[in-house]
Amino acid sequence: MGSLKSLSLGAMLMLTCASFAQADAIKLEGGKETNLVLLPKFLGILVFDQANEGAQEAHKELANPGELLFVGPTPENSVAGQIEIMTTSATQGQGAVMLSNNAGDQIVPAAEAAKAAGTKIVTWDSPIPSGNGEDVFVAQVDFGSIGTVMADMAHSILGGKGEMAVLSATPDAANQNAWIASMQEALKGAKYADIKLVDVVYGDDQAEVSYNRALSLVDQHPNLGLIMSPTTVGIQASAKAMQDEGLCDKVKVSGLGLPSEMVSYTMNGCAPEFALWDFRDLGYLTYFTAYGMATGQLKGEIGESFHAGRMGDYTIEADPGREGAKRILMGPFTVYNKGNVEAAAK
Amino acid sequence: MTRMMEKLSPQTLRILALLAVLLVILLFFSLVIPNYLNGRLFNRISSSVAIMALIATAQTLVIITRNIDLSIGSILGFVAFATGSLVTNNPDLGPVPLVLYSITIGACFGAINGVLVAFVRVPSIIVTLGTMALFRSVLVEYSDAKSITTSNLPQWLVEFPNTVLFSIGQMQFRAAFVAAVIVVLIVHLALTRLNAARKLYAIGSNPEAAEMAGINIHKTVFVAFVLSGALAGLGGFMFLARFGTITVVAGLGFELKSVAASVVGGVNIFGGSGTVIGALIGAILVDVIETSLVRWQLVSEFWREAVLGALILLSVAADAVLMRRFISLRRKRPKSDPIPEKTSVLDGEAR
Amino acid sequence: MAETILELLDISKSFEMTHALKNMSLELKAGEVHAIVGENGAGKSTMIKIMTGVHKPTSGEIRIDGQARTLSGTQAAREAGIAAMYQEPMVFPDLDVAENIFISARNKGLFLKPTQQRQAARALVTRLGMSLDVELAASGLTLAEQQIVEIARALSEDVRVLIMDEPTASLSAYEASQLRRIAKTLAQEGVAVVYISHRLEEIFEIADRVTVIRDGGHISTRPISETTADLMIAEMVGRDVGNYFAKIPGTATDTVALKVRNLAVDDVFEGVNFDLHKGEVLCFSGLVGARRTDVALALFGVKPATRGTIEVNGTAVEIRHPKQAMDIGIAYVSEDRRKLGLAMPMSIQSNTSLATLGKFLRRFGLLDRAEERNVAEAFRKRLNIRTPNVDIAVGTLSGGNQQKVMLAKWLNMEPEILIFDEPTRGIDVGAKAEVHELIREFAKAGGAALVISSDLPEVMALGDRNLVMREGRQMGVIASENATQEKIMALATGQQNLREAS
């Protein structure tokens, strides 16, 4: 992945953590025992599994004699399951819970109780919207910049002019909603004046629902040129639907996707461009953060810098999207196209 | 009209009533949605019904025996995943072993349900509510939280569902749809022509009487669940071929959709009556409503489920009313005296 | 005489604490009609279930053709040629008549042959002297027709032992005589026919031998020529019942409680006219298909009348719903206990209060369980319901006791007009007399009773007047002092017309 052409945007460059690195970054001391829990939205999605691989890598590297548990709810029980696992983790006295939140602010009471019991709450991928009950959020990328990236991909695919629609995950997924909002904000710019966002629909992160929703978008909007799907399930289902129905010439697909899942669609032109960050890196960085906080080596205060192994130095800062909340910004992410997707898919 | 009604069996009337409702719904949506009735609509519905038709047929077999299978979506999901990982690891396997593999796994899961319902005698709604969660958890465990992706599947498998066998105008008859219709027809013929199939209806109609008639209720119910599982397995194979991407959520919610399709299709939820042709039309009806609602601008995302539920209820009600009307038309015929001549009655009871 | 087919030797059967059968023995010979009589609860049902493989005996031996056999289930019994038809017809409402007849597991072959099957079904139904559309779904059949289907099903099999449990209880006189003839014919063909009936006159007509059982034990087996009705009854009840069909004196007053004029339900019945007085028992006679129950259902608002007038205590009323009927003091004790009458899995106590829950409601809509229990206990004593306590599920009681619970449920409502539909169908002699007494008591207290009954001796004994119907038409009303069974039957079969005679 290191050899890939990484594309950092202007907005991001300004925020890149390294450039803010203060004085001395804390070097985390390995070998301290703490039990950690990695809690994804639900099990069975490839990207979460990749995050787990990254966390396991960090776990070994830091030689933590404690346990790293990868537990998650079943998909149909995501909200209740997350709350339950959060509560259980607190009673078990886990050092930290690393949460990709799918429960909105409903998780807050459980998370606050866990915090009160001494368990650190580090969110990643998807934060707690109000920031309550959360120690720090490891952001894969600046949420504001995702909107710009998606708007730019749309601009390049549509040639600056045309209709697009969004196929998202669930209507209450915090991260996707934030990205869609930031894309709508970006689209107000003069550069995108001729791009029209005609619809936003939801495929519930289920392949069959997303597939059918993509097709109905095409039926409903005869002049549709692009489906933008900021979810790995949605983008692949949309691409397959367009390919199956022979619509790739007319309607393109873009959004956030995994190279291994998208490679054939990129090569045959159904999905010429899409973006993603590395979920292994996200898991790796999240683990470093959680380990540091659980072992007391990190206080979790704004301005604190630490060294995250192979990824370099990171700093805790105020989250511009959520008042009073703190984040660690990972960044950057990669835009894939015919030129680099095959190598990344391997 | 009346004379025609006399000739038709109630089951046929039921199907006519359903078709009438379907027609009304199509007409309605063609009025409110621009550019609605075209070949593309047919292609959409037929492709998506291909899977639901199998599941609704499976559900119907179980409902006829006065039972229910809520684990059907989980079975489908598991089979789709298992078959997907089999073919990922053995890309040279042909269609026949893969389909057999799917059906066998499905049948095994069905057998678990069947044993618990028929022999351990736990009510099916409880058994399958349990196995619905259980099978899905087994899938989560088995899958190791990974997913199957299209890129790992052989080309023939991915292309199979959308292969156009023949077209009428814009309407394409694709392999998956045609295969599903053939399966439904086979099951239909079996249910109407096979001696053993009568047992399913008898058990659902009056279990006590079935027992008295010497029918082995337990075995028959067990077989119904196994067949249902096998059909769900076949559905899993079709699901894999159509969507390619299989995560642990595959088939989530299919259990209720299949019940809806069956019941809309005139299958009595208390057992004893119903046809799989009805269930097929029920599946089409539900799918048409669902697909059309998405395109109907008036209904927002958040109200869609509610409107879908309301429309399903409405079509069930319309169908019931039509059915009653048809039957009363049949009744109007002059009937022959049901009571035979009783000239010799005084020799009888009155001593 | 002919060889023995089936033998029960010292069979006992207990369910938990109760002994349903104690050292029961029975011997069935080819070619005989073997009647079994006994009060309800004597153990007849359990005995049938032992013979048909539903229950396994706790001890004792079953022999078929002299060989000891274990009947592992109903299928095994069927294969041994033992078939039974029960009091409550066992039909499949969703299947048609022909399918019902040939549903049995012994009907082998991979494919259905609908045409052949229908033909065979028609032949069987014709053999029973009936005309039934064999393509009709069984759900549309009357109880009597369902019974015919069940008989035909038993006939369709290669039976060696045919157990008929109260087969004629719901049949018209003509159908019953036909059936008895068929039972006799089957016996002549070498089948052992077990015939269970409360109608002693039937037994004298067709039985070769009679076995009396009481309290789960065998009392006697005699050739029919060596017994009398009085002897049988004495053995059955263990006491001398005497004149159980004695005429009970009337208590009718001049006050009209219910006045019905030109009542009709389109396509069902028409032209029903009568006055029912307080203190009177008016019987409705007729054969199956006379539509008497439909008149009752119209009066009770289940299937409301489409034409005609109803007056209750001099006020014109319109009854569209059972609730309305109940509000103006009309109650209906159904013929079909299972379907319309009782909630079988619920306790006696709950069933008793079901129609009158309002009476037991206390503040906050809570149910006064103590009061409910008191009332149920009072009825248990008054109606002599044989049960250890009122918490028992109604479904476990015998037919006669179930009927009494039904009566309790409606008497509890304290109705002014009570319609009884076949109140003594399928219950034993002792219970019958008790039910008659209850109806009389109700009338004596000023109630107006309308009794639908197919049992002519009962009609003669109980009714002050008799309204006879035939195929949806009122044929006439006969005062009981002028009535004979022959007169009633003549009207019911349409051989005579009579103007309103009261």
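For reference, chains read A, B and C in written order, and residue numbers begin at 1 within each chain.
Please note the rule applied: contacts are C-beta pairs under 8 Å (C-beta built on N, C-alpha and C of every residue); 3 or more make two chains touch, one makes a residue touch a chain.
None of these values were measured; they are calculated from a predicted model.
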item	value
Chains touching both chain B and chain C	none
Chain with minimal offset from the mean of all protein Cα atoms	B
Computed distance of Cα centres, chain B from chain A, in Å	39
Chain centre separation (chain A, chain C; CA means) in Å	74
Multi-chain contact residues (two or more partners), chain C	none
Per-residue multi-chain contacts in chain B, two or more chains	none
Complex contact set, residues of chain A against chain B	42-46, 48-49, 52, 70, 72, 74-76, 171, 201-202, 205-208, 211-213, 215-216, 219-220, 222, 233, 236-237, 240, 244-245, 260-261, 263-264, 345
Touching residues (chain side chain B, partner chain A) in the complex	35, 40-41, 43-44, 47-48, 51, 133, 136-137, 139-140, 143-147, 149-151, 161-162, 239, 242-253, 291, 294-295, 297, 301-302
Chain C residues within the chain B interface of the complex	52, 54, 74-75, 77-79, 84, 86, 90-95, 99, 103-112, 129-132, 137, 153, 172-174, 176-177, 201, 287-289, 456, 471, 485-486, 489-490, 492-493
Interface residues, chain B side, partner chain C - complex	10, 192-199, 201-202, 204-206, 208-216, 268, 272-273, 336-340, 342-351
